[in-house]
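Here it is, the structure in full.
Labels run A, B, C and D following the written order; every chain starts at residue 1.
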Amino acid sequence: MNFAFYLISGLAVAGALAAVLLKNTVHCALALTVAFAGIAMLFLQLGAQFAGFAQILVYIGAVAILVVFAILLTRGSETPRDGVYSKFPLTGLAIAAAVFAVLGWAVLNSASALPGAETTSAAPTVTVMDIGNALMSRYVLPLEIVALLLTAALIGAVIVAMHEKEEAN
Amino acid sequence: MQEAISFTPQTAASGIAQMLWLIPAVPMLASGVIALLKQPKRRTAATLAIGSLGFSLLVALAAFGHVLSGWSHGAAVRETVNFTWIQFGSTNVDLGWVLDPLSAVMLVMVTFVGLLIFIYSTGYMAHDENFTRFFCFLSLFAGAMLGVVIANSLLLLFMCWELVGLTSYLLIGFWYFKPSAAAAAKKAFLTTRVGDVFFLLGIVWLFAQTGTLLFYNGGTGSMEETALGGLLAQHAGWGLTAAGAIGLLIFAGAAGKSGQFPLHVWLPDAMEGPTPVSALIHAATMVAAGVYLIARVYPLMSAGAEMHGVLIGSTAALTVVTWVGAFTAVFASLIAVAQNDIKRILAYSTVAQLGYMMAGLGMGGVAVGMFHLIAHAFFKALLFMGAGSVIHGCNDEQDIRRMGGLKADMPLTFVTYAAGMLALCGFPILAGFWSKDGILEAGSIWSVSRGPFYMLVFGALLTAFYMTRQVGYVFFGHYRGTKHAHESPKVMVVPLAILAFFAVTLGLIGTPAWPWFRAFLNGQPAEFDLHAFFEPGILALMGTSTAVVFVGLGLGWWLYVGKSPNPEDPDVLEAAAPLPWKWLSNRLYMDELYGATVIAFYGWWGRVADWLDRRVWGGMVSAVAWLTSLGAELNRFLDAKVVDGGFDKGCEEISTSGGLLSQMQNGRVQTYLRILALALVGLAAILIWSSRA
Amino acid sequence: MNPLTGYLLVAALLFAIGLAGALTRRNAILVLIGIELMLNAANLNLIAFWRYGPHPEALTGMMFAIFSIAVAAAEAAVGLGLVISIHRHAHTTDLDAMNRMKG
Amino acid sequence: MIDKLDQVFVLLTQWVVGFLPAFLQPVAVVVIAVAAILVTFPGLFAICVLLERKGLGRMQNRIGPNRVGPFGLLQPVADGLKSLTKEDLVPLSADAAVHFLAPVFLVVVVFMGYAVLPVGRNMTLVNMDAGLLFYFAMGASTELSVFMAGWSSRNKYSLLGAMRAVAQMISYEVPLLMSSVAVVMITGSLSLNAIVDAQNVYTWGLPHWYIFTPWGFAGFVMFATAATAETNRSPFDLPEGESELVAGYFTEYSGFKFAEFFLGEYVGMLSISGLGATLFLGGWSAPLQVLGFVPSWIWFFGKVMLSMCVFIWLRGTLPRLRQDQLMNFAWKFVLPFTMLNLFVAAAWRFMGDGWLRWVVCSAVLVIAYVVMGRVGMRRKHFGPRSYRYAE
């Protein structure tokens, strides 16, 4: 396992931890973008170039901004009155730890059975052309459905968050 | 004698028959209008009543003329107009009216006498402030009486019969503020009611048997052969045929209305009403209704009588009628002897004379009874109106012991009163003599027994005696009253004169020599034949009756005329025979007898019913109530213990446990997430643990 | 240790951190952030398996990840829209306060 | 010879790398290329600043800076020294970390953009298959830095300016992408080199630049407007509108951080002009076949400087747009028009050669432009102004 992988995953995990543990919500959001960047780099390292750039474009470009806007709109940036954490933080952490333990244990146990252990094959070069063709041939139905979903989400989000007229007066 | 009457078959009812219904309708209408008038409208009430009755008189005369002309052409007239009143299911109830000699005669008698009494009462009631109400009831009575007369259906007859009963109650109790008048009215109504119940039973039985209540309906009426044949075939126990039994039931109704023996108690008390009422209702018309009813139903009563050569046999029903009539005659005459009230004497004499009529009907047939009825109507109305003018003259004094010597003060009244008294007693050649003679003749040759004949003769004697006693007390001797007597006004005396004339001349139409009346009623030609007098028994019979009358008059004259005893000391007879006198003056204690028996019985029966109701039914109801309360108690116990204890407790358990579960859904997203994660961990652990082998 | 397990472990760690964030934080938006992290961890897993899987040329893993990114973006948009509207009505983003759907 | 001149930089780097040991060479190539970019573009930045101030002055009938150095040529050096020596104030209430990070993040992201731009023939730092996507990914991150700057300085005006800037950049990022998608559709590849190669074809001496096609021209116009908005320049420079929001999101910055923002802005403009040139003006291809001898990178930089002049020219002439007009223009005119452009490009692609496709495409585009312009942008007769106060 080369040094870059450790570096990037360390960055991602640090970002994630910061996003979860920091007091100031805006800082969490920014830490989140760092985590997203880390994950994007992991994607690039795994050879999924398109996915990596899509991740950056979608998450860092849009979702992060969205989160930040949401924070500002709901006045989250001021420190909350009654504590940052919910009532039983420890139980939450314990449960998360338990889940990680189970997942880790499962991964380690099945390490031998995992594929690709032996063939350190070179990263498959995936060009955008292949992706385009795949999208248009095998995954055309999911593509249309996702298109519909996105439009619906777009309109839905606007309506949900719209400031009703009558409420103003 | 009763011969088969040949009546012309029912032709289309002539014009006058069609209009016959106007006779009762107009007076009734008049009474309706008078009822609406205000009390002070006295003149209009009088004119309306008299006018309506006058119109009825004219129509009645026209009808009588029509029947007379029919009869004179040798064909007796009987025209009926029938119509269906109500229809239920297949059967329908018919009503109708009939015009035949019997109803024609009665129509004329009732309207004529009624008119005279109406005119008389305008004078008599002049001082009474309820004048309009009086005339309303009078015209209503006249309408009802005329309805009874023309009725061709027993049902219509019964309806008018009840209406007559009602008006008699209203008129007797006219001075309702007098308790005695109110009680008398109630008594009259109830006793006639007892009679009417039997009468209704008879009607229903007849309707059940013959299916129709019409008397004459072109052959199918109840009085015609086909129905009578059916009735004779039936046997109704005690040896009576159905016809006989129905006849007796109808006779009970008639007895009630005409005051025969068992139900006569109300008639003397009815004198509480004003005198014109007594004259009209309790002398001339209403009481005659019972006799007229028996005459109308005569074919039914005499159905199945065997013929003994010329003499006609007598059925059980007619026998009973005769005996009751005879006994009532004697009984009433005896009581009349010991009475001191002027109107009460006349009342008992009316009861007696009605007994005569019933006996006449029973023995001699319709013509004999009816002739005496017509004659009696005239002179009894005269006597009552005469008494009325006497009372009016003596300033409403009714006790004869306080009158006397009115011969001088009221000459006209005295003359007319004397004529009426002589006619009543049966003084020769006056109306009463011929009619009584007819009855006695029938009695002498009656096939069943000669008892009634002797009783009637003794009755005639008594009648003559108490009438002379009364005249002696009232008109002879010196005036014992307090106030000065004065003659009545002309409007009262003129009717008296008219009636007196008829009381004298009426006898001529029924003498044995020229029996016009019997011929007219039976529809036979009447020829003048002096030889009739020389029939074997006629002269002897006339001789005995005149002898009896003279004996009675002489006895009375000897005892009472000119003595004018002062009111306090006892009557002459009383001194002679105190005990029987006391019995007779107390009306043979009939009222007390009834009081002891019937009233007592009712009282006892009331208590029994009360006991029954209180103990038996009450007991049952309370038992049921107790049961339901017991059930409710059980239910409450069940509900509390079983349902609450068991079922509800169970439900509570479930809901509390439900509460625990609902803690899980506390709406906080993170708790759900925690549960989710835990489940994931648990599932993974299980999977891994199970696959570790 | 083969590289795949490395990636899987990192993904699991990220997933656990996201879950911890979702469970412990009080502010709704931060819970959403946690969820976003969990989704990304899943994507990482997908791409890792695609990369070291038997048939990388089949592109399924990567396509799946791309579609997942698109859907996650939509989800984030709607989720934040909801949070904003809740805030406008209930003037709070405190998750504990949003228990109107209580059983 | 010409070829040598064209490839002078490439040969230079290969010569330098030759001295290094083998395992270091790939890294060395990259380092040298990065160094070259970091040197040339800030240099261009200095020139542009001067050019802008001189140009604006000339437009406004005044001379512009001529005191520092001959004809004011040393003015940028003076500005640079000034900003370096000025005291770097940080407001007490500001969020120190984020305040510091914002300009750094901005500059880093903007320079990342240059990795994929084909400056000359074989002169692209990284010839990525999804080069355009990478460029836009980096472009999208600039908004985050703007936000960090605005928010961290805890100043109402800066926050307001930041919000406006972010909203504007997001609104114009979508049309920017959509117009470039048309080009990708026609060339069939996301890599910028392929796009330039596709345009580097000459018929009768005229290059196949996309700008000379109806959809290309429309696309370029829309791309240009979106680009000016994306870089907050001239008609769309509402965020740092001096008269209202002092200096927009970098009010609280001074000294070197302010200079970094300034640098970031101008380098952003240069990179977006470079992209525009690559996509629509044929990148480093010569305008005429005959001029082929001129080295390729000269054409690239020439086109970039030409775009900068246009930017400056725009700044001198057009008044500032109001915020709602700006947003309306973006969502109700530019975006629909670019989408229509996509359809027209598709039609262009499948209608085969000939005069017909020229007529149809251009007709459709002109009609759409007139109709949407007239209907969409007609001045609405505004009712009474309704004020809505922040809750």
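One rule holds for everything that comes next: a residue touches a chain if its C-beta (ideal position, glycine included) is under 8 Å from a C-beta of that chain, and two chains touch if they have at least 3 such contacts.
None of these values were measured; they are calculated from a predicted model.
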Chains contacting each of subunit C and subunit D, listed by label: A
Chain ID, smallest distance between chain and overall C-alpha centroids: C
Length of the line joining the C-alpha centres of subunit B and subunit D, rounded to whole Å: 135
Centre-to-centre distance between subunit B and subunit A (centres being mean Cα positions), rounded to whole Å: 120
Centre-to-centre distance between subunit D and subunit A (centres being mean Cα positions), rounded to whole Å: 29
Centre distance in Å when subunit A and subunit C are each reduced to the mean of their C-alpha atoms: 6
Multi-partner residues of subunit A (at least 2 other chains): 50, 54, 62, 69, 86, 91-92, 95-96, 99, 103
Residues within subunit B bordering two or more other chains: 668, 670, 674, 677
Per-residue overlap in subunit C, given as positions that touch at least 2 other chains: 19, 23, 95-96
Pairwise chain contacts under the document criterion: A-B, A-C, A-D, B-C
Residues of subunit A that touch subunit B when the two form their complex: 86, 91-92, 95-96, 98-99, 102-103, 105-106, 109
Footprint of subunit A on subunit D - complex, ascending: 95, 97-98, 128-130, 133-134, 136-138, 140-141, 143-144, 147-148, 151, 163, 166, 170, 173, 188-190, 388
Subunit A to subunit D touching residues, read off their complex: 24, 26-27, 30, 33, 49-50, 53-54, 56-57, 60-62, 64-65, 68-69, 72, 77, 127-129, 168
Partner subunit A, residues of subunit C touching it in the complex: 1-10, 12-21, 23-27, 29-30, 32-34, 36-37, 40, 43-44, 47-48, 50-54, 56-57, 59, 62-63, 65-67, 69-78, 80-85, 87-88, 93-96
Interfacial residue positions of subunit B with respect to subunit A in the complex: 668, 670, 674, 677-678, 680-681, 684-685, 688
